[in-house]
Structures are given as C-alpha cells and as structure tokens.
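Following: one structure in structure tokens, then a few remarks.
Labels A, B and C are assigned to the chains in the order they are written; within every chain, residues are numbered from 1.
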Amino acid sequence: MRSFNRPIWILLAVALVSSLVGCTAPAATTAPAAPAATQPPVAPAAANPVTIHVLTMDQAGLKPAEIDQIVKEFEAKNPDIKVVMEYVSYDNVHDKIVTGMAAKPPAYDAAMIDVIWPDEFIKAGYLLDVTDRVTPQMKSDMFPASWNGVTRNGKVYGMPWIMDVKYFMYNKDMLEKAGISAPPKTWEELVAQAKTIKDKGIVEYPIIWSWNQKEGVVCDYAVLLYGNGGAFLDSNGKPAFNDDKGVQVLTWMKKSIDDGLTNPSSVSSDENAVEANFLAGKSAFAVNWLFQYSDSTDASKSQIVGKAAFAPMPVFDAGAKAGVKGSSVDGSSSFAIMATSPYADQTWKFLTYIASNDVQSRYSAEMLPVWQTDFQGDSLEKLKAATPTNPVTVPAFLSQFPYANERPTVPYYNEGSAALQLAIQEALTGVKSPKQALDDAAAKWVELAKK
Amino acid sequence: MRSRKLINKIFLFLLTLPVLFFIFAPLLWLFSASLSTQVELFTVPIHWIPQHPTLNNYLDIIFPSGAAASVPRTFGVAILNSLKIASAVTLICIGLGSLAAYALVRIPFKLNRVIQVGILGTRMIPEVSLVIPLFIIASSLQLVNKPIVLIIAYMTFALPYAIWMMAAFFQTVPVELEEAARLDGCSRLGILWRVVMPISIPGLVSTAMFIFLLAWDEFFYALIFTSTLAAKTAPVAIAEFVGRYVTNVNGMMAGGILAALPPVILGIIFQRYIVSGMTAGAVKG
Amino acid sequence: MSVLSRSIPKHRLSLRQQDARIAWLLILPSLIVILGVTLWPILSTFILSFFNAPTGINQTRTFIGLDNYTQLIADRTFWETIGRTFYFTVVSVSIELVLGLAIAQLIHSHPWGWQFIRFSLIIPWAVPTIVNGAMWRWIYNADFGALNGLLMQLGLIKHYVPWLTLPEAAMNLVILADVWHTMPFVALILQSALATLPAELDEAAAVDGANAFQRFWQIRLPLLRPAILVALIVRTVDAFRVFDIAYIITAGGPAFKTVTITYLTYLNTFTFGKQGTGAALSFLISIFTILMAFIFIRFLYRPEETQ
C-alpha cells in the first residue's frame, strides 16, 4: 500500500508548483501596508516603444472608431508610445478597474472615471496625483467646474474629459395643445401644467423620471433636493438629506406618482427608458442627460422630431425663496492615471493629447468640449455651427452647467448611494414612509462614515 | 373504443399546444424584435409583427461598415472568439476528463473516493469569488485579453463537470463486457479504448454538448478577463449593447439570435445523441 | 460512482497494483489542471476571509479571525438574502420538476408531433443565459414589453404594469425566466428515463385495471426516482448559486428583492470593496451547497435501486 502514497506527493508537489507560478505576484499584494503610491515606479527610458493600456466606456461622447482615430494621430506624433484602448459598457468599467488594479503591473495605465468614483478610488490608492503636471493654461482655459470631478483637498487626480449635466426637456407640441405658453419655472408649476395636459387627455402620464434602483435615481433626487435648498451632507459631513427639505422632496416625488402625473413606470426606468418614453411621445416632460436631445432629432429613434426643447431646470418655490437660482447634477467623467502604472509620463502625454483643445474642437459634434475658450467669441459661433443640434445644445449647456451640483464626495459613496437608492425605492413603492426611509438611509451613512 | 382513442389523441394534442406556445412565444418575440427599428419597438400598442421590418440589425452585424455603431461592428469577432474558446474547452474536457472519469469509476485504488469528492467539491465555490485571484495569476502571466486565459479559467468548472457526467455514463457500461474483454487478454487501457469508449459515444456527445454550452454561456469571467477584440466573447458583446444611458434593444435582439444560433444548431444536430446519452446517464445515474 | 467491489483473487494483486498505476496515469492530467487552476484561488480566498480586506493598494489587511463570518451571521441582510435564495431555489426547482415531468409524460404518450416537441425543447436550453436575460427583460419592460402588451390585449389589465418594480413580482419574474431556460433540461432527462421503462409493467397494470393516473403515480414515478434525483441535485446546487440572470434582468432590484447570495458576494467584493466579507460569503455559500448536495446524495445513493 505504501507505493500508492508516492504518486500523491508527486501530485501535490506538481500542483503546488504550478499554482505557485502565479503566487509570486499575489504574494506582493497580500503584504500589508504598501506605502501610499503617489510616486509611481520609475520606468526605464523608452528605447523600445512603450505600450500603455487605457480603459474607457464605449457609447459615451466619442465613438470608439473616433477615439481609435485620435490614437492613431497620437501614435504618429509619438512613435515611442503605443496605446491599446479597451472599450466596455459603462456598467462594467468600475469592476474592471477594481480587478485591474489587483494585478502588478496594473492592467490599465489610465481609465475613465465617473464623477462619483474619485473618492473611493483615492482612498484605495488607485489614482495618481497629477497636480504638478497640470499646466496653468489648462486650469484657466478649461471650465473650472470641469476640474471639480478630479480635485480633492487641492490635489488633482485626473484630466477632465466629458462634462454632462441633467437637462429639463419638454415637448413643445404638447404644451401648445394644452394652451400653456411657457415651460414651468418651478416644480409646483410643473405639477399644474402636467395636470392640465393630463386633464385635456393629451397624454396619460405627462412626466417621466429615471427612478429605478440605480445611480440614476440619486441623480434625479439630487436635482430636486438642491432645488429645494437642501443638501446631501451638512457642513460637518453628516447626512442632511433626511431633514425637512429632503423629506419634502421625497414626499413630492411619491405624490406625483399617486396623483397620476408621474408615470408609475418611472420606478423601474433608467435614463434609457426615460428617453424611449419621451421619444415615443408618451410624456410631455423628461429630465435627462444631453444625449436625449440629439436622439430626439433622429427619425430612426424618435417620433417627436423637432418637438423637443430645453428649458432651465425648475426649482421648488421654497428653494427659489431661499435663493436657489438653478439646480442640476454633474454627470461628468474624466481620465485618471493609475497610481501603480510604470508609464505615468507617457500616459499623461496621451491624456493631454486626447483632452487637448485641438482634438476636442474637431470632434465637438459628438461631445461638447471642456474648454471654456471654445465657448467664447468666434469659437462659440464656430462651435454652434458644428452640428445641426449644437445651436440648441450649446446655449442650453452654458445656461445649465453653472448650476450643476456634485453628489457627495465621500469614499463610501457606492455603498451609501445603494442605501439611498433603496430608501427612495421603498418610499416610492409605499414600503416605508419617506421620513422613515430617509432616516434609515442616513443611519447607514453614519455607520459607513465610521469605517 | 376507437372513438375513445381518437378523443384521447385529440386531447393529448391539445395539451401540446400550450407547451409549444410556452417554448416558442418568447423566441418568436425575440425574432420579431430583431427585425424591428427602434422607433417601432417603442410603440404602443405593441406591434407583434413589425410593420416596417428591417434587416439592418443583422446587416450591421454581419456586414459591418464604418458607419454602424461600434458594438454591432465587432460582434462577429466576438462570436468567433466564443466558438474558438468553447470548442477548445470542450475538446480538452472530453479528452482529459474521459480518462479521469473512467479511472475513477472502474479502477479501484486508494484515494479514489477522496478525489471524487474533491472534484465535486470544486464546483461548490461560486465563480464570482475566484475571479480576483484568477485575474492576478492571469495578469502576472500576461494572459489577459487572450483567448487562452478563458480556456484555462473555464477549466475550474468545466473539467469537474465533465468528469462527473462522464463518470455517470461509464458506470452504465455493463461490467460484463469489460470482464469479457479482460478475459480475452485486453489490457486496462485496451478495454477503455476498444470497449468502453465506443459504447459511450452518446454519453460523450451528450457531455460535449453540455460543456460547449457551459463555456459558450459563461459571462462573468469573460467580462472581467477579456474586453478587447482579441478575446472578447459573445455574451460580453451582447452586454455591450447596453450603453450608459441608451440600450440598443433591436441590435441586442439581433445579436442575441446570432449568439444563440451555434449552440442551438449544435443541439439540434446532436439531438439524438444527447437524448440517448441522457437516458443512460439519468436512469442508472 | 461507487468503487467497483468485486473480490479479486490473490494471484491478481500485482495486476491490481498495475491497475492503480494506470489509474493515476489517467487521472493525473485532469488533476493537475484542476488543482493548478483552483488550488491557489480557493486557498487565497479562504485565507482572505479571515482578514479585513478593503479594496485598495495602500490598504492594510488586518487579521480579524472569524469576525467576517460572525458579522455576516449577525447581519439581517445576510439571512434575508439566504431566504430569498432559498425561495428562488425551491420555487424554481419545484416548477421545473413538475412541468418537466408533465411534459416528459406528455411526450411519452406520443401525441401527434411529439418528436417536434422533443426537438424544440433543446432550443430554450441552448439559448445563452445572457440572451435569455436580455430577452425576458425586454418582455417585462414597463412601457413597451410583450407581457404588458399581451395582458392588455387579453383584457387582463387596464394599464401597463411596471412589473420589475413590484417587489413581490420581481423575483417571481426572474424565476419564470429561469424556468423557461432550464426546465427543458429536466424534461429531457425525465423523458429519456420514461422511454427506457419497460412497457410490460405498464401494460400489466392496465390489464389489472389501474387507470392512467394510478399507473403514473404508483408505477412509473417510483421507477423514475433515480432520474428525478439526478435532476434535483444538479438543479438545486446550480439554482442556489444563481447570479447571471439576476444581474441581467433586475440588477438586484427592486429594493434588493432579487439579490441572491452570490449576487451579494459580488456586491461586497466589487461594489462595496469589502473583499474579506466577499471571501467569507463565498465559503458560507460553499458550506450551504455542500450540505445540500450531501443531503441529496444521502437520499440519492441507493445503488440497489438503479438496477
């Protein structure tokens, strides 16, 4: 029987060795307390071409084909740098960054960062501090607000890329039919106008929102909350969204469903569904990102071509009285360099190129530039003329963007947002009262802040 | 008596109708949606049959042009990747796994039970948990975004599954046949090769189909390990129809039908084997 | 999978040793592959479950012993999620079994076109999970979905219903999508098993005066037990670990109502950045599935019956 044991040991040895092949790398990551990586490892001078990997989402701003074009231009100008782009859908970018950073060297040298991720990623040590690399010209010529998404405690962690906010859009035709002369300036006016439209039988549910259990509902809530003079956190960083103003907003949201003015399917709709609904002519008012407008002019997607229009995002009466002039939410994204990338210099070169004024203005048809110089004087006229929709979208952007609010810049935002999404859903579906739901979420935020 | 039999037959036939509806209704709707434009899909009341049918959704995928959106354009490549990976996984699993399965079921030796339990045990861990360690290994070996990484990663669940299935099939081969061959002077390997394997072909085909499906189906590992054209698989490509704000529903439906075709066609071709394979495995299982 | 237990004459001992060597030869390649790929990941995940491991490069991993486990067991969300997962498993597998059995029997009775049905059953099963998920998500769509369209045209509802937002309905709809996809597998196994049952038993019972229902219930069903149990164990273990379909159709919503235990693991590991908790969850899941498989094998393992 003893002879049977030998194969076992050989086997175990083989298995152990083969799995140890992968162990040398993981051993490094299990070692505790690696120093905070603000200095990336120094890369050897690039004699051979250096390859950098960049992760971004497809279907945002520029099409992958266009980005590939920009990459080719960059590579032609910088023969010692090769860029490999990876395109994934938005929902998966976050997970890929987390997995990518577990490896050494990291799977990506740069990645697209949504405006709500920097805090989590900075805490995790993923993002490289690039404060010293940003030139004064970039700071002054780009919209100051565009740097909000990547600046924390005075340090800059990325390069602005796409700026987007939520816009208030309405169907001109329907308002005309209802005899309404101007779009609403306050949410209370909106309710009145919606009632008129409903009573006249123009549409069954005049308002549509993206209140499903995803980040979109927090965006909508942010728009309404700030429009009521409320805020997510108070000056001490404690949750404030469950105060009177917050509860009022949530109660208003529920009431608009109960009154039959907000489409009940809003509770399961994301921004995509909102667009589908609005473009099918099933609602008169829809809050959404910029893409909804250009899609509305596309006959293969829209039944309301030429009928959509922008209006400044309304606010609540109470908010207006408290001095709130406008409210929206920032949905921008930027590019960040991963802290452990060995090719920080080359990557920064690439990011500078792709975000440069020259490149952005050439592709302004797809996304509005982050350079405020493009919105001034002659450049403004040129920008407006660049595409058929720009004459409308550019002024809308200029007037709405200044009022974009940020969602809380806390490292536990992902989990906190999940709690808030849950709370709003529970209130809207009647499982809990608005006050109870928000209080529970606030308690969770306090708990998360402690960790 | 005869009319009673006829009534029975008619009754049974009527029962089959809801079953057929249950099976085909969603598929027909999928097909109908794949022939629609976005505007038509977003119309109420619903158009069961598109009034303005279009082949564009398919054409965008099959004959990609620069003007089409990026996801349809690269979809064909993803399907090819899936084919490569699923085929490789199937071949390896059948090849290696059949040997192991036979040994576990027919050859008595120490640790036989332990290994059987161990192999079963590896199936208990959810794949989600192994992703990050696997990614670290793959990354240090510079295998990310190459088809080989998925082939290897899928071994974590495909090979144990294959061994388990084929073991069940091999058990149904009558021992007497093997004994007879042994008496005829066949070596153990000879028995395996000349007696057991030929009889088990339905079982092997059945297992192959399962493994192919398993590999074709897999989504999460593919998502994390591959995103470039070199290795991206069909499920990942389908997920990409879901944009940040807009879902290209009609494109996704067309892509869905195309991604479902290879496994469905395989299933239909090997249907007889699969069913007879299941018979052996399930009854005596 | 029992070890062949025939008595071997003494003079064949050396043959047995030879046999064992060949066995190792046959098993080694598979074993190396499996161990090579799973040993490190499983071990490292297991070790990780004893640490507090927030995601991050400069994060310290502190050893906290069993704290991850105790925190999970004390967490209400954990038990609610287990409850939901059990609900999904039990309902899903039960429906699949009952429907599968019914359809198997239907095919077995050879109505007109029975071959076509058997042939068609392969199709839902062969459709990839993500396609299945995308298809059903579109069917359940609140504004334009086929379910709403159908119910409206049948006059069963007056307004379109946002199905996926109703907390009670959402899980059941995910179950429906899963049942459509995997019930064919069960039906095919059972139908094959039925086809191999000796016809004489049935005819004898008919002659004895048993009606169709009695024949089914008392004769065929007991003989199908091995096949049923095979289907049961495979489906239960897989259903308990379901992830993909909940991820695609509802992304865990509404209000967490379709978060299964594997989904919770995903959330902890990736979204909340708590890898230690995620690792602990994985092992808790494994314990549950091993227990379930063990219980089933206890009932399944009657080798005498299979002949």
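In the analysis below, a contact is a pair of C-beta atoms (placed from the backbone, for glycine too) under 8 Å apart; a residue touches a chain by one contact, two chains touch by 3 or more.
Just so it is clear, the model here is predicted, and its values are computed rather than measured.
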item	value
Pairwise touch network: line, ring, star, complete, or other	complete
Maximum inter-chain contact count - chain pair	B-C
From subunit C, the most remote chain by mean C-alpha position	A
Centre distance in Å when subunit A and subunit B are each reduced to the mean of their C-alpha atoms	36
Whole-Å separation of chain centres (CA-atom averages), subunit B against subunit C	15
Residues of subunit A whose C-beta touches two or more other chains	4, 19, 22, 26, 95, 99, 276-277, 280, 282
Per-residue multi-chain contacts in subunit C, two or more chains	20, 24, 31, 37, 40, 44, 143-144, 160
Sequence positions of subunit B contacting 2 or more other chains	42-44, 109-110, 131-133, 137, 239, 241
Subunit C-touching residues of subunit A, taken from the complex the two chains share	3-4, 7, 11, 14-16, 18-20, 22-23, 26, 30, 32-37, 94-95, 98-99, 101, 120, 123-126, 212-214, 263-265, 267-269, 273, 276-277, 280, 282, 339-340, 414-415, 418, 422, 425-426, 429, 431
Contact set on subunit A toward subunit B in their complex	1, 4, 8, 19, 21-22, 24-26, 29, 55, 57-60, 63-65, 84, 86-92, 95-96, 99, 102-104, 107, 270-272, 275-277, 279-280, 282, 288-289, 291-292, 295, 299-303
For the subunit C and subunit A complex, residues of the former touching the latter	17, 20-21, 24, 28, 31-32, 35-37, 39-40, 44, 47, 54-62, 141-144, 159-160, 162-167, 251-256, 267, 270-273
Footprint of subunit C on subunit B - complex, ascending	9, 12-13, 15-16, 19-20, 22-24, 26-27, 29-30, 33, 41-46, 48, 92, 96-97, 99-100, 102-110, 112-113, 115-116, 119-134, 137, 152-153, 155-156, 159-160, 163, 167-168, 171, 175, 188-189, 192, 213, 216-217, 219-220, 234-235, 238-239, 241, 249, 252-253, 256-257, 259-260, 263-264, 266-268, 271, 274-276, 278-279, 281-285
For the subunit C and subunit B complex, residues of the former touching the latter	1, 3-6, 16, 18-20, 22-24, 26-27, 29-31, 33-34, 37-38, 40-42, 44-45, 103, 106, 109, 111-114, 117-131, 134-136, 138-139, 143-144, 146, 148-149, 152-153, 160, 180, 184, 188-193, 195-196, 226-227, 230-231, 237, 241, 243-244, 248, 262, 265-266, 269, 275, 278-279, 281-283, 285-286, 289-290, 293, 306
